Amino acid sequence: MVGISLGEQHFIKGGIAQDLRTDGRKRLTYRPIYVETGVIAHANGSARVKIGGTDVIASVKAEIGRPSSLQPDKGKVAVFIDCSPTAEPTFGGRGGEELSSELALALQRCLLGGKSGAGAGINLSSLLIKEGKVCWDLYIDGLVISSDGNLLDALGAAIKAALTNTAIPKVNVSAEMADDEQPEIDISDEEYLQFDTSSVPVIVTLTKVGTHYIVDATAEEESQMSSAVSISVNRVGHICGLTKRGGSGLDPSVILDMISVAKHVTETLMNKLDSDISAAEAREEES
Amino acid sequence: MAAKPGAATPTYSPKLVGRSRLPIFKDSDLDWTRPDGRGFHQCRPALLQTGAVSSASGSAYAEFGNTKVIVSVFGPRESKKAMTYSDVGRLNCNVSYTTFASSTLGQGTDHKEYSSMLHQALEGVIIMETFPKTTVDVFALVLESGGSDLSVLISCASLALADAGIMMYDLITAVSVSCIGKSLMIDPVTEEEGCEDGSFMMTCMPSRYEITQLTITGEWTTPNINEAMQLCLDACSKLGEIMRDCLKQSTSASDE
Amino acid sequence: MGLPDSSQDLTSEMEVDAFRRIFPLRFFERHLSESLRPDARPLDKARDTIVNLGLVSTADGSALAKIGSTTMLAAIRMEVMTPSTESPDEGCIAVEFHMPPICSPIVRPGRPAEAAPVISKRLSDTILSSGMIDLKELCLVSGKAAWMGYLDIYCLDADGALFDAALLSAVAAFSNLQIPVVALNDNGRIVAISDEKEQDNASIIEEEAVNKEKRKLTLKNIPFSLTCILHKNYILADPTTEEESIMDTLVTVVLDSSDQMVSFYKSGGEALAYSSSIKSCVELARKRAKELKEILGEMDVD
């Protein structure tokens, strides 16, 4: 991040206070979003999402695994994020690692729901093939190619698109087997199952600059933030996860207000993303 | 240290303010009594003690039911050689578990996730300008994990920081709430955390009435969030008083 | 070297503290010449010792030992293993000593203390060689199943004489150990039985139960240890961290309950030990063992 002069700082803050940001947007307007699916051929599903100067890729890889003994009726999902040093020099070394694990943690919190599975974007039970024996392990990898703020929202959108794009082979399990043995499985290479992604939430990050908060902050704007709250909301308007960043405290009423603003913003964002994703899917099929 | 005879165990139980509602345990679709027989909005008794570790600059021991943690604070002391000059202080947090902390975990490990969350919760309260060029280390060990570990860790860490004389804007208190079915349960134990539909963890500065850290997982409706927040705020301010009393006691004891 | 002029070093509190930091050795020698230590103990006296049992509910046996401010928490978890072919009717004890970052300013996360593995090994040697535990008692089904006891000792506060405190907490944890009730199921695996279940279908369990009721181990030859510092002509029992850092010749004597010597460590250091001073160390250890036996004995009564 290049240092910003005092004058520029005032300009950014002043613009936000007057509901006219430096790039001409209003406080609650997103930058143009561009979605492309099927960008990685050998993954089960993948997508690239660009929001302004932020560019991320998400891929979904499914592997056959064993359910954990604690939850024998569920598959497993792991989220990894990699912040490439090409996106930002500070991502090299420790700085990137910390940011990566923070983002991965926030995404897990937003996508995987509670311990009982309520509010989960991905239905873990649908990943089960044979109870206690075989299940799908989903590896969701996010890669930050270029960073201009609002990484979490972009990654959330990319994962949603990648999951929509994901096709998992149908698996047949041989019915007869002893209790202790691992069942034989037959992975079909013709029949594929699609994911139901309607319950995958979208993530909206509200960045607080001065007394106002904005959506989709650029890196410049993020450098002026006092704190940011990322809220993931699903289609029915329930909150699926919330993470706060930035050290400074917030008044409880402000947080509640942010939640209601986020819910309002998501409605339009969700519809826009859905239509973008289906358009991208259609494009991919044509080509 | 762990169980000194005669140490008073103050209890606190938050009440829902401003609204009258039916008691939640009459909720017909959920037949659930809490494993330890508490009310849904009743916290576990909190046992807090400062000065648990003599070689640390400050330390505290906290026992909430079966959750037992020790936090030591070292410093401010010289930052690592590799660190560049900084005109504000640095904070370094580490959380680890004993091998016998829980019956399922099995091995003692560093807990990276909790370490970074403890860091995030504390960095906003400590007045870093008061110790430039140096580092304050906050190390925590979970002796026994009995649920709501992170919130106990955060409260205990703020007590240890106060004991070490590190300048803070306010004490930091943390409380978790679990949502199971339609019910909200404050300060959940491990069994409850295992089957919760959603969890809500809030840290706040009770005197300044500010939320410094908030994490929500699972599915929540807005009224539920409002209620959980009110419960937490209430419990936090009560816990804050208990912590303040604990600090007052320890200073008056050392004066004698 | 010569002792400093008393009119200079005792003018105020502050100067004593400064003197202690700048000339630690002279500060201590000054005390030693008066047969007194900075914490007002006579040279041969150990610090106050407290033992508490059964503090960890997730473990099968646990104890907290405090010598002065040195604090150790020991916990034992019992698991089932298949015994080795050489000793088909013996169980096993695995001892590990941990120094987490909370215990001392010198331990940092990711950089474990050098002392920890050394003490770990010494504890394991002492406990196994003392014959305190009959490993045959840990057998469940000969050749098939035996108990593996994981003993983990955590140092919560390090202020000298770590080995003594660790051994004391380990011994106390063993005296607190309750071996859980288990049975052999059809597949040849050992399963735990809860108390209620046992009452429900007592007749079935009666046949299968390998370990019918919660039992304690018989402990014989309990080892007790005392660490002393040798410095010039002085012998200091039960040193603090400060004393250990200034005078580095340490002698640890481990005696069992019938005053037999289990082990003796002298880990280098400047001072050479004459046989007379070793004899005095052993004599001090004998007294200390008696004290510790009483402390543990009080626990058993409860």
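When the chains are written out, they are named A, B and C in that same order, and each has its own residue count from 1.
Criterion: contacts are C-beta pairs under 8 Å (C-beta built on N, C-alpha and C of every residue); 3 or more make two chains touch, one makes a residue touch a chain.
Here the structure is a predicted model, which is why all the values come from computation and not from measurement.
K.L.:
Where the centre means the average of the CA atoms, what chain is farthest from chain C?
P.N.:
Farthest chain from chain C, going by C-alpha centroids: A.
K.L.:
Please list the single chain whose C-alpha centre lies closest to the global protein C-alpha centre.
P.N.:
Nearest to the common C-alpha centre lies chain B.
K.L.:
Measure off the straight-line distance from the CA centroid of chain A to the CA centroid of chain B, and report it in whole Å.
P.N.:
29
K.L.:
Centroid of chain A to centroid of chain C, CA atoms only: how many Å?
P.N.:
So the centre of chain A lies 51 Å away from the centre of chain C.
K.L.:
Using Cα averages as centroids, what's the distance between chain B and chain C in whole Å?
P.N.:
31
K.L.:
What does chain B use to touch chain C in their complex?
P.N.:
For chain B paired with chain C, touching residues are 1-3, 52-56, 59, 66, 70-72, 74, 77, 94, 96, 98-103, 108, 110, 137, 139-141, 143-145.
K.L.:
Taking the complex as given, what residues does chain A use to touch chain B?
P.N.:
Per the touch definition, chain A meets chain B at residues 70, 98, 101-102, 105, 109, 112-116, 118-119, 229, 234, 238-252, 255-256, 259-260, 263.
K.L.:
What residues of chain B sit close enough to touch chain A in their complex?
P.N.:
On the chain B side, the touching residues are 104, 112-113, 116, 120, 123-125, 179-180, 193-199, 204-205, 208-222, 225-226, 229, 233.
K.L.:
Note which residues of chain C are touching chain B in the complex, please.
P.N.:
52, 55-59, 62, 64, 66, 69, 71, 73, 75, 77, 96, 98, 100-105, 108-110, 150, 152, 154, 156-159, 241
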